[in-house]
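Okay, got some structures for you below.
You will see chain A twice below: alongside chain B first, and alongside chain C after that.
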Partner chain A sequence: MRVNVDTAACIGAGQCALVAPDVFDQDDDGIVMLLNAAPSEPEHAATRRAAALCPARVIVVDESE
Partner chain B sequence: MTTTPTGCPVHPRVLPTDGTPLEPSPVLGEWREEGPATPLHYTDGHDGWIVTRHELARRVLEDPRFSQQPQRIPGETIPGGPELPYLDDEALASKRVANLLFLDGEAHSRVRRILMARFSVRAGRSQQPAIAAIVARQVAHLLTVGSPADLMAEFAAPISAAVHRLILGIPDARADEFARLFLSEAPVQDRVLFARAVIEQKRTDLDEDVLSDLIRSDLSAGEIDWVALVLMISGRDAAAYMMATSLLALLRHPDQLAALRDDPDLMGGAVEEFMRYGTMFVALFARTATEDVELGDTRFAAGESVSVSAVAANRDPQRFENPDEFDITRDAFGHLGFGHGIHGCLGQQIARIEIREAVGQLLAALPAVKLVSAEQLNPLPFAHPVATYSAGSVIVEWS
Partner chain C sequence: MTDRAGAGTLILGAGVAGVTTALNLRDDGYEDPVTLVGDEDRAPYSRPPLSKQLLSGRLNEDDIHLCRGDDLQLRDIRYLRGVSASTVDLVARRVLVGADWLSFEHLVIATGVSARRPAGTYPAGSIHTVRTVEDSRSLRAQLDRPGPVAVIGAGVLGLELAAGIRQLGHDVAVLGRSRHVRLGRTGEHLASLVESVLRENGVDLRLGCEPVGVATTGSVTGVMLADGSVVPATTVVAAVGSTPRVEALVGTDLDISDGVLCDEHGVAAPGVWAVGDVARWYDPDAGLARRVEHQATAIEQALAVARSIATGEPSPPIVPFHWTELFSQRIVVHGRLNADLPLTLLAGSLDDRRFVGATLHDGRPTGLVGWNMPREFRQERARFDDLAPAHR
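Let's look at the complex of A and B:
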């Protein structure tokens, strides 16, 4: 799994940091920060959930890798 | 006008007013059964749509082809448009450029980006002890008032006002003035003057808060005043509503209350269920399609207004199993209780902490708390001017 975030479009709602705190955080400006671009298996479900919940759809999960 | 296959016009419906926060109007459910969007006659006289199914609701709120302009407020009670309240020229000018609820795209994100820092999950965590202290003070106040007491007036509303002042950075010395102007009806111009005075005072006394961030930003003086005003108005009543309504939902469902008392670790998920089950917004601010938009089988024509019913979407059985059941152990994430899309609630991480602290501390302090009565168990007028359910008083007793 590969994760990409579009920081320019992030609106700082914090859903990702709330539901997948091992993969996402927010920087001092509140913008999404990717802690792990290649989360391991146990993190996959939370990562998918964060992507689905993101109100600005800035998280893209590539499952092919 | 929508037509049926036989050519008969379908008369647009009006927003049902017979619902309550815990038992939304059955009419919304009927509309949701019929289709993802229903023609709606807005109370300002024009016809548009209301979206009731969760899937379409999300897609509309995420879609940049819908604009926040013109400002259309479903539930606005004055036909033919409201008489605008008095504002001085400076305020009128800043209102045009800085009401972030009604901005699109870059104009919106320019303002939102300045504010985001104080509303992140991390910022919320750092404010948690201060929020817990505000709640603890209010629990002590409630115990002094004694049984019976109104959870709205003596607990939820004062907490939301104090947390609002904390995050924004409104000086303590102005607490009474803030309460007088923002917790009850007051002329908008008086609120504008208050916002200006607070900003003026803080210019020489910058701190770690939202208003200080606004002053440090590249916004113009007029923009700063108006954004400050919008922030002072927004979310404070919603947080109070959610605290009161969440406690009411628990008191009405003793099994859920007992489960939460037994296992406080359920609180995180319970807050999401409070937001889903007790949703305040019958209809969000209407969006306007800037071009013809096709989403699934639904087609919105350019210029049509489209409002999302967060209440209806959060009770959509295609998204939430047994949606009318209050179940604090369910996975309620994905609800639209904080809205969704780029205008999704800015303060939602603070609100989550506030609700968690208020519910948790109240239950701990009052092990034998019981419901006496709650105004919101009967339909109340929408909280003006937006189509939202009202919380009303929630009277409890304890021994």
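Let's look at the complex of A and C:
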């Protein structure tokens, strides 16, 4: 799994860091910081949920890798 | 006879609620046919940027798609775009979509709302509302011309629009009936702070007034108030609430008095679900049913219903979550601030305009607000979820 975030469109809602704290964090402005672009298997479900919940839809999960 | 077992799930409305339901049905392992019907003839898109980044020009129309290119096709979701569902027949379990009757086993109503027009004298074309890409585009084009702007409505959307338009350099007046601005489910706790932010940034807030129509001399020159005065404006934008899109449900025995009435799992009738702005879910904590017009709730409801359809299990309750942006102040609200309880500061300070606050009932927050303090807000929110297991 490969994760990409479009920080320019992030609105800092923090949903991602709440559901997948090992994959996402936020900077001081609340903008998403990707901690791990290639999360391991146990993180996959939480990462997918973060992508689905992101209100700005800026998290892209590529499952093909 | 139609083969009902093979009829799969039919989703009406291709906004964030409908699209999220469709995508997550597949993620949850659902294998029957999924059909998504949307009357807008374009790729599904996200609405919050319409009053924010699209207005400011930070994003353009191609940046706000809800899913990428062939996401729907890849998951074997049939997307019928630019066609409208006009009649729902719950007895025969089918829906008239364009000229075709489509059968369903599960029906998901995700038709959203339309912007309400204010009551009064507003000739066609004299005011703007913002619900679609086209609305946002036409407002943006109008704002390329100089001239003062009046925003009717002092709710969160009106305020956001006022802030966005002010940042484009226009003089902006907000005309609100209520005596204070309304910021979602925050009671009046944040009203004075929000009002200060707007006023400091040059927004002319006129609260407790009664707009009755537009003044025109060929083109729009202002908004008339009930007291006879006129607020000068060459552009008038209205954000005075919304009307649920339930046209296709007239004649069914669903309760559509204010959107589609559902239980706390989104069930409107057996095999009939509603999600997003059109849905009025029962809220067990509040003891009543209400619509929540926020994107995060639309997403959570969609995830819950997709899971229920795919697995047959009922979903856990959903806590409302909302964010907004006013002159680069980022405000997030989780749950509900109770107007009758004091606001307790959990971090930061109101004077610094960086804080996390809550209204506490028996030591348990009914709602949390974060103001420019994303990290601390998230920490408190995580704690809140622990404190209130019934909420997750």
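What we mean here is this: the second predicted complex is superposed on the first by the 65 of 65 C-alpha atoms of A that agree within 3 Å, B and C clash if a C-alpha of one lies under 4 Å from a C-alpha of the other, contacts with A are read in each partner's own complex, and residues count from 1 in each chain.
Just so it is clear, a contact is a pair of C-beta atoms (placed from the backbone, for glycine too) under 8 Å apart; a residue touches a chain by one contact, two chains touch by 3 or more.
The shown structure was predicted, so the numbers you read here are calculated from the model rather than taken from an experiment.
Judged by the touch definition given at the top, the superposed model places A:Val60 against chain C, while chain B stays out of reach.
In the superposition on chain A, A:Gln26 makes contact with both chain B and chain C. In the superposed pair of complexes, A:Arg48 makes contact with chain C only, with no contact to chain B.
In the superposition on the C-alpha atoms of chain A, the part of chain A touched by chain B in one complex and by chain C in the other spans residues 11-15, 17-18, 26, 28-30, 49, 52-53, 55-57.
Chain C makes touch with chain A in their complex at residues 20, 23-24, 27, 46, 48-49, 53, 58-59, 63, 66, 68, 295-296, 299-300, 303, 321, 323, 325, 330, 332, 374-375, 377-378, 381-382.
Residues 11-15, 17-19, 21, 25-26, 28-31, 49, 52-53, 55-57 of chain A touch chain B in their complex. Interface of chain A with chain C (complex): residues 8-9, 11-15, 17-18, 26, 28-30, 48-49, 52-53, 55-57, 60.
Residues of chain B that touch chain A in their complex: 61-62, 109, 112-113, 116-124, 333-334, 338-342, 344-346, 348-349, 352.
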